[in-house]
Structure formats: C-alpha cells, structure tokens
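In the part that follows, the structures are each spelled out as structure tokens.
Across the two complexes that follow, chain A remains constant while its partner is chain B and subsequently chain C.
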Partner chain A sequence: MKEKKLTLANVASALIVLCLYVAVFIAEQKLPATSMLFTVLKKGATYALVAVSMNLLNGFTGIFSLGQAGFMLIGAYVYAIFTIPLEQRVNVYQYYAGGVVQFTLPVFVAMLLAGLVAAFFAFLIGLPVLRLKSDYLAIATLGFAEIIRAIFQWNQLGPVTNGSNMLRLFPTFNDFNIRNADGNVTVYLSTLVPLLVAGVCIALIVMIINSTYGRALRSIKDDEVAAEAMGINLAHHKRLAFCVSSFFTGIGGAMLAMYQTTVQAKSFTSAMTYEILLIVVIGGVGSVTGSCISAFLFVAASEWWLRFLDEKQMIGNWEVPLLRNGFRLVVFSIIIMIVVLFFRRGIMGTKELPDLFRRKKKAGGELK
Partner chain B sequence: MWNTVFPYLLSGISVGGQYALIAIGYTMVYGILRLINFAHGDVFMVAGIVMVYVVSSGVPLWLSILLVLLITSLIGFLIERVAYKPLRTAPRMSVMISAIGVSYTLQNLVLYITGGLNQIYPTIPWISGSVTIGSATTKMVTLVTPVLTIILVVALVQLINHTKIGMAMRAVSKDFETSQLMGIKINSVISVTFVIGSFLAAVGSILYFTNYTTVIQTSGAMPGLKAFVAAVFGGIGSIPGAVIGAFIIGIMENIIKGLDVILFKSGVIKAPLGLATFSDAFTFALLIVILVFKPTGLFGEKVTDKV
Partner chain C sequence: MSQEHVLDIRHLTMQFGGVVAVNDFSMHIDDGEIVALIGPNGAGKTTAFNAVTSVYEPTNGEILFEGETIARSHPTGKMKKIFAGGHPDAFVSQPIIRHTPDEITKKGISRTFQNIRLFSGMTVFENVLTVQHLRKKSNFFTAAFHLNGAEEKQMREKTMELLKIVGLQDLRDEMATSLPYGKQRLLEIIRALATDPKLLLLDEPAAGMNPQETLELAAFIQDIKRKFQLTVFVIEHHMDLVMGISDRIYVIDFGKQIAEGVPSEIQNNQAVIDAYLGGDDL
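Moving on to the complex of A and B:
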C-alpha cells in the first residue's frame, strides 16, 4: 500500500532530475565552455557526491567521521597514478625516472579502483577506530587523514606517488568531450559526465539507505544499545557504512583530481573536510537532497556569486567600503555561522525530494 | 650521539611547553563542556596576528604584550558567548560543528585582514636572543618556555584547587546539571574557563611565534590539533596530564624531525630516508594507538556508559 503512494512522488522527483540533466546538456552545447556555470556544476557534482557519502556516515549512521580529506586524497592519487599516459610519465615523474607504474587503466576502471582502494583503507583504519565514541572517533579519523597525507608525501614512495611533487597530465573532465578528426569539439560532455557519475553514485547510496541495511544504520544512529539489543551487529554495520562511504568518497576524490587537473597531497588538509562537513550541515544532516542542493549552493556562492565582494565596487561616486580580496570568505563564513547557530535543521532538515511533493500537495489542498 | 640528539631534545622541550599552554585550554573546555573546541588553535593564531598589528601601530612592547593577553582573553570570552552559549541544550555534535564554523570564520577573517601574507612576528628583546648550551645554539625562548609553562601550570592548579571559582569549575566538570542546581552560575564558570584557556594560548603564542617568526591564517591549525592530541594523551580533563602529554609529543616530534640526521650520524642508515615527513603524522598515530589501548589517556578518569 505504502509503496504505491510513494510512486507518484518518486516519479515526479525522477522527472525533475531528468529535466535538470537535459537542461545541463542543452546549456553545455549552447553556452561558451568557459562559463562559470560549468565550473560550478563540475565542482558541485564532486562536492555533492562527497557530501552525500559523508552524510551516510554522519547523518544516517551517527558515526562522526572527519577523515574525508584522507579518503579523497587516496581516490585522487589512485586515479591519477593509473591514468597518466605512458608517454607523459617521464615528464611527470621527472625526479623518479618515470615511476614504477608502467601501464594505464581506462578512466572509469581507474575511478572504480580509486573507490575500492579508499574502501580498503577504510576497512583497515576502521578496525581500531570504529570502536571509539563520537568525538574521539572524529579526532582519530582527522588524525588518520593527516597520516595519509604524510605517507603520500614521503619521498621513499616517490616512484609511486611522486613524493611531494604534483601529479598532472592525466585525463580530465574536458577529455569527455567528443571531438572530430580535426580536434574540434562536436558534442560537449565535460559537465554532463561528472554530473552523471555523481548522480549514479548518489542513487546507489540512496538505495543503500532505503534498504534493510539502511534501516539498521538509522537504528544505530538513534540508539546503539537498543539497536544491538534488536540483534543488529554493530561492528559489522558500522564497518559496512564506513567502507561504503569511503568508497564513494574515493570516487569523489578521483573526480576532484579531474576537476583540478593536478593533484598534490598537501592540498588535502582538514580544512577540506570542514568545508564538506559545513555543506552537510547547511543541507540538513540526514538529507541526501539537502546535501546535493547545498553542495551546489556552497560552490556557486564561494566561486561565483560572491565574487563581486572581492573587488572594488562603486555606487555612483561612492566606493563601497570593506570590499577587497578575501571579503567574500568573511561574508561566507558569517552566513555559515548563522545557519549553524540559528537554522540548525539546514535547508532540508531530514526531508528528501519526494517528501516535498507529498507535503506540497497537502498544503496546497488546505489553502484552496 | 648525545651531541646530535641534544639540540632536537632541547627544541622538543620548548615546543612541548608551547603545546602545553594550548593544551590546557582544550582540556579545561572539554572537562566542562565535553566539547572539542576546534577554534582554540585559531585563537592561538589570532593572538599572534593581534601582536603583529599592535606592535606595528607603535605601542611599546611591554604594553603590547599586555594588550595581546587582554584582547585574546576577550576574544575567547566572546567566542563562547556568541557561538557556544546559544547551543547549550543542543546535541554535542551541533556545538562541535559550531566550533568548526568559528575556526573557519577566524581563519577567513585573518585572511581578509592580512591579505593572506605571512606576517613577520615582532622580535622581543632578550627572549629572542641566542644562547649556547653544550652542543646546541638556540634562542633564549627555548629555555624560558618550560620554566614559564611550569610556573603558569602550578599557578593554575592552585587556582583550581584553592579558590571558590576553582571549586565551581571542578563541580561543573563533575556534574553539569547538579552543580547548576547547587546554585553555581554555570555561564560565568564557563566564561572564566574560556578566558583562562585563551590567556594561556596567548602566552603560548608569544613564545611559539618568537621561535617561528611568521604568522599566517593557517598557523594555528597544526599546533592546535597537536595540543589537542596532547590533551587526549594525558587524559582529557586533567591539567597535569595535558602538560606531560604536550612535553612528550613536543619531544618525540622533534626527535623524528632529526631522526634522519641522528641515524645517519650514528651509522644505522646509509642515506637519508626523509623520515621528517612523519613528524606531524607521528602525533596522530600516537593518538590512534592511545585511543585504542587506553582511551582515558595517562591520567584520565574512567567513564562508564549508562544505558
């Protein structure tokens, strides 16, 4: 009975998502490729995926993990290491005689591998760390991310990771564009593909959340002791959530590598994790839709809409005070603090896209 | 061998003292609010920035030091009032997220004010001077730090054990609700805690940046995290624990920084291994090991979970 009721809302939501994809595809063919919109969409897709996988842990399972930057780093490096074209390896690994990895994998295989390696590391680190409680777990995972960062910068591993030097020249989002024989782009796909990848991954996470496993995870969040008493294997379910989340975070890392076109371990600091955490909080802890919306809003606001705050603005003859480089970030952090302090439920609370239709219908009926 | 190790040991003790001064702020706040105050490392950084700006505006040095201590304490007080007090009844995670938000805000604010450039920390006469002890030449601050740290810690312990406000702090950290029922003004106790923590962080920042000479918006993050690890290592909530933990971490970190040189000179390894990369990572590895094998730290109290 319940399933049937859900269908209409679900179909409507699916339609909306589909329309968005079509709109992006059309926009990409029509608008110049340098438009800020595409930068925002690409980075937004990456952050949305990572934010949703963080939400799976923090919002749905109640494991407060701050290791995202570490898993993204693993994903980004695995992807980069296995996709740099053979002939470019000498240039990239210039201090390590071309490195030891002397084969390349197809892009999507490398992305999958990025996720798997991140999940494997999550499994290892989860063995000791997942036994810890709330804030101790947070600080332990944060520490783990720092350890990973140090390991990847160690020059003894240089033949694999290129030490503290940059990895570059691997395939990026622009390589998804379909080109004709002359090298001119015929079909632009560089924004659509990352959005599709993120979309598929997020759909998988949603399926997990709505499965038996997902319900078990929610019960862990509500009350660990009660969940255990109901016969849920705590250790097993926590490990599963941690590995799944890290798998998708790893894929997100690979996407970040493609977005940035270069990878360097020192940029994956805890500040990156904090940013993603703030995205999750703004979207609403426990809402996948919220995380997606706020990821795009966060990226758009920080990269695009608030840019004008960084430059001098004149209203008539009056120069607006305070505006100079960095002011955007100040305004941005104040907005974030307001959300954190006064709108703790975030944009969506714990609601999802289909819930909106159901609620709207009722509300509309009452109004009439 | 000793001559090689000694300089690293010395700077380890010095850095350890500076971490200790930050760690006390973490451990006191955690003891009372059960909150990891992620912004504490940034308060430490802001103290450095305030010093740079106060001195460059022409205020005499002795007055600037006093001003820095005062302003930093005030900032600590304001942060608590604005960002943590409204969330007193909220879940612990919300407060922690708010702390992360404050950290983000402080960093961005300093980025805006400084333009993201390294600020040269003013030299303070005498403690910036160099001194030679045995095989090591170092700044006077290296010797001053541990002494000053110990004096401050002893004073703080006296304050906590023998004054009325100290008794209130102990009561609040034992049981939040009950102490409220006993008529303790929780809010003023918490404010005092933040003021003391920020004051010590300011002292730590003067010593730390005299040693490292530049301040930038991110300089607080790493010392902050390490001081937190020190607090956990020593047993969170325990002040002597935090101090001992900080000294151990400071020393180990500096030994690892010099491990290549030490091993090379003593003939264990033929070529440098680049182990210095792990000086930061070591701290966190230690944290994970401690949390797994002795989650209460060296001097922490055992807590049992109630259903």
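Moving on to the complex of A and C:
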C-alpha cells in the first residue's frame, strides 16, 4: 500500500516468520514428539487458517457469517472420504460394505478438493443468503451449518459419509514424518507441514486482501452505498468473498481431520464456530496477524495452560475450591468478557506485522 | 430524435408511499454543459440524483444516458391505485428497464454524496485507488497472484495524478475521514473522477465550505470539466456558485419543476423568488 518505504518492514516480518519456521523444525527434531507444544502448534495452525478465512469475510468484507463449522465439516469429510486407503475401507465403512468411493486421491489433491467442495457449497447458498442483512445472514449461515451436520449423518448417505459412524484411518499429520526402511522416523515434519500449509494459505489470503479485489471488499465493508456507486458490484463481490473464505475454511477442515485423526459430523457444532469467532475478535477484527497470534494463544490456553483448572488440585491436604470439570470454560468465558469489554479492538486492532516495524504515525494519522 | 442528450429525464416521478418526492419532472443535459438543480430543502433534488444513479427505481418515467434507456418504469401493483404523479399511462406499454448502481457507474455516470461517504477505513490514497476496480482488465486469479503489476502500477499513477490536482498528494497516507471537511469534499470528487465518468453528479459540493473555498471550488469544477471533458450536473444551495458556473438551471419545489433557464433568467424569475421566500439563500 505504501510501496517503497514498506519493504524494510516487510523483509523484517518475513524474517520473523522464517525464523519461527526454522525454530519449529529444530524443536521438532529435538523435543519428544508427544510434547504438548506440537499439539498446540498443529491445532493452532488449523485454527489460524480458519480464523483468517473468517476474518476475510467478517473483518474485511463486513459479512457476518457463522457457517464456519459447516464448511469445516465439508472439508474434513471430503478429505477423509477420498484418502482412506482402499484396503481399509471395508473396516471403516463396516456397515456399508466398504462404501461407494473406491479410489484414493493424494493427500494434497484431497485437501484442494476439500476446499473446492466447500467453496461450491458456498456458491450455492450464497445466492439466497447473501441478500440478507447482518443478523439474518448470521442466523441463516448458522442454520446452514446445522443442516449440513444433520445431512452428513443421514443414514441414506452412509455409503459415502459412513452415516453417523466416524471416518478414520486416513493419512494424518504423522504421515508427513519421513521414515526409514525400519519404520523409524528420520525427519520429523508432522508439525512443520501443517504450519507450512496454513502459512501458504494465509499468504494467499493476504495477497488477495492486498489486491484490487481485496480493496473492493474493504470498500464494501466501509460503505456499501458508496462502493456500489463507485462501480463495485455488491452481489458479485460478496459471493466471491464468501466462496474464497469457504475454500480456505474447507482446507482448514481437512487439516482438522488430520489433526483429530478421526472425523465425525456430530463434533462440528456451532460451539466450534464460536471458538473461531472468539479468536477473530480477540486477535482484532480486520487483522490477519491478530487472528494468527490469537489462534495459537487460544489453543495453547484451552488445550494446555488452563487444563489444570479442570482437574482437582491439592495443595498439601487442602483441595483448591472450584476446580472441577468445566471450570476451565468459566475462566475462559471471563477472559473473553474482559477482552470484549476492555480491549474491544483485540490484540492487534487492524494492524499487521509489518506495521509494527514502521515508525509511529503522526498524531491522528492511524487513530480512528 | 435528431440530437442525443447526454442525460434525458422524461416524466420522472418518485413516490414513497404517499409522499411524491419528485413529480413528473423532465429535464435534459447536453454534452459539455454544467447544469444545476436547485430548490428549497426537501424539494426532491437528491431523490432525482438517486433515480439517475439507479439507487431508486423510478415510480414512473424513463431516464436516458447518451441515448440509451438506463431506467424505465411505470406504477404497478398497489402503487397503481395510490399513484399521484403526472402522466401515469405514458410508459405502461413499454418494458421496464432497471440496472444496479454499479452498472450505471460503469456506463459513465459518477457521483458524490450530500453527506460525504468516503471509505472510512481507508487512507486518502486507497480511497481513490480502490474505485478504479471497475475498469480493471485483470481477473480474480491474476489479481490475487499479483500478476497484474502493470495495471496496478497504472492505477497507482493515476491515483497520484488525481491527488495532485487537489493538492492532497502529501496527505495520501492519512485516513480519509481525518481530513478537514472541505478537503474531504474534494477527495470525494476526485474519487468519482477515478471511475472515468462522462457525466459527473455533484450533490451539494460546497456544503460546509467557507466563501474562499467555495470560490476555489467553482474554478475547480470548471477546470476538471475541461480537463476530463465532463458534463456536470450539480445540486447546490450556494447561489454564488450556481450562478457563476451553470450554463442552465432547473428549479424544483415539492418535486415539481417551477422554472428552467440561464442564470440571469432564474435570478429574476418570480416563481423562484417566491419559492425561496423566507429562506436566506437567494
């Protein structure tokens, strides 16, 4: 946006990201594979991608959609259905005689397909849904996600979706590790690859945001009437944003399937969408960097740092009060309320990583 | 029709429920003219602009741009019964034609707004850059992968040129809405110019400007008209500005035309003076 002056900031940002990747690679070779750190990084990468996709829609285009869980479900299922090894299908689809899909796709092709199918669904429902104004659109997309969840569990579709039974035995993140002939891992990549996939996808989203199309989307968020008066076709561009966002959410769904190692429709609840929404809000609506940082913080807090809250803790003979299953969620909700009440613009506001390397703007410049 | 008008409004009526905001209004603008539309508050001026730019669909009437019908409609359904405008049957036998505002802009009509509508989350530079989207040649994929470098460069150069015309080049990275009022108005005008219009609609461009700024604005409008070969249609309350730059003036009151003519005719028109009586504008 501000061309030449920016390059230094951009190079610094790129270096930071590169260093992080190198650090993860080294850590993965040195630390035990069961370390909680890797769990957080894998799930964090997945959630970061989905959160950035949601931000593209909610933060940059101003479309308040709550269909994330639905599109993730589609992505997860498409990935799983097309990657379960042929010889395992009899076991997985045990009630459906091995299912109807009798071929497998390479992992990355299946991930791409996961995104494309999610985008196709977005294209279909976009036409009626995107005409709705904010609250109605949120409700309609939420409803869509619930319907998708029901449809995928429908017995009639069992030969494809395995009904309400789980899909499993498809390639997971661990299959990215390089093994020698004895089956021992020589190079650990099970954390690095998902981080790379998410990184590439997020880079693509950033490129879209910084293109003429991204600017058009931002103008729609700022003022629909003015954007339309300046020649930007609202219906077309909203649908585009919806499809692109769903495409990457679908890929995120595929990553979630790999992270979980199993897929079951009933786990893609609206609670999942709310988690993503929280990540976006905490990170800053309209900041890609914010969504990424907050995704990892969120996952680390919920999977790791706050775990102890769910377990009974003894200090000497004294049992710490309140700590029991579910208390984690209470603390979590309180943290979120504090963020929403006192840090309304999130961690990053609308700033991005390169902005942090730029000299402070003159008073009144950046403030809104 | 021997000669095509740039803009030709025929029997336009805009009725909202029982309120007839524009009533059987006809006017035309020829190539290269600056035409003003004036009238007391609530006369229906902005509503007429919104009909021309397809923000509203006419209740009755048709609008032609360079000979092409860009909007045409007649009362239907419930409106048939409550229609209170003139010439209700003039267009019933003709097909309804409607467009979205962005299509109108692509055809070459651009506008500013009475209550400034800049993109508030964007800088001065981005405001002008963004709207060039409508003339892009790249598709989504070439743009997303940044393979349209030449086009992007061209857009940025054009943005800088336009910013220089109004002296905003040094404020390019400020947030648009942090500019003083008068500068925001100028920015909105060059943003409209960035869409390459043939016809420019200005809705009260001098509102909130001091006399000095208004004087400069008058010169500026004539300047860009020449430079970009524009036809200009302006709504304005500052009579100095209107009388100074207009080739012709239309006056409406309660949605109906009460006078039309060159500035000197309008200044001495009794109906116009009566309509403004009590107002301190004229």
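One rule holds for everything that comes next: the second predicted complex is superposed on the first by the 350 of 368 C-alpha atoms of A that agree within 3 Å, B and C clash if a C-alpha of one lies under 4 Å from a C-alpha of the other, contacts with A are read in each partner's own complex, and residues count from 1 in each chain.
Basically, a residue touches a chain if its C-beta (ideal position, glycine included) is under 8 Å from a C-beta of that chain, and two chains touch if they have at least 3 such contacts.
Owing to the predicted nature of the structure, the values given are computational and were not obtained by experimental measurement.
Contacts of A:Ser211 after superposition on the shared chain: chain C is touched, whereas chain B is not.
Of the two partner chains placed by the overlay, only chain C lies in contact with A:Leu240; chain B stays clear of it.
Contact with both chain B and chain C is seen for A:Val225 once the two complexes are overlaid on the shared chain.
Once chain A of one complex is fitted onto chain A of the other, the partner contacts of A:Leu277 are limited to chain B, with no touch recorded for chain C.
Chain A has more of its residues touched by B than by the other of chain B and chain C.
In the superposed model, A:Ala76 lies in contact with neither chain B nor chain C.
By the document's definition of touching, neither partner reaches A:Val299: not chain B, not chain C. Residues 225 of chain A are contacted both by chain B in one complex and by chain C in the other. Against chain A, the residues of chain B that register as touching in their complex are 34, 36, 83, 86-87, 90, 92-94, 96-98, 100-105, 107-109, 111-112, 115-116, 218, 221, 225, 228-229, 232, 273-274, 277-278, 280-281, 283-285, 287-288, 291-292, 295, 307.
Those residues of chain C that touch chain A in the complex are listed here as 53, 55, 100-103, 105-106, 110-111, 113, 117-123, 125-126, 129-136, 138, 140, 143-146, 148, 151-152, 155-156, 173-175, 177-178, 191-192, 195. Residues of chain A that touch chain B in their complex: 58, 64, 128-129, 131-132, 134-136, 138-140, 142-144, 146-147, 149-151, 153-156, 164, 225, 269-271, 274-275, 277-278, 281, 324-327, 329-330, 332-334, 336-337, 340-342, 344.
Residues 1-3, 204, 207-208, 210-213, 215-216, 218-219, 221-223, 225-235, 240, 286, 350, 361, 364-366, 368 of chain A touch chain C in their complex.
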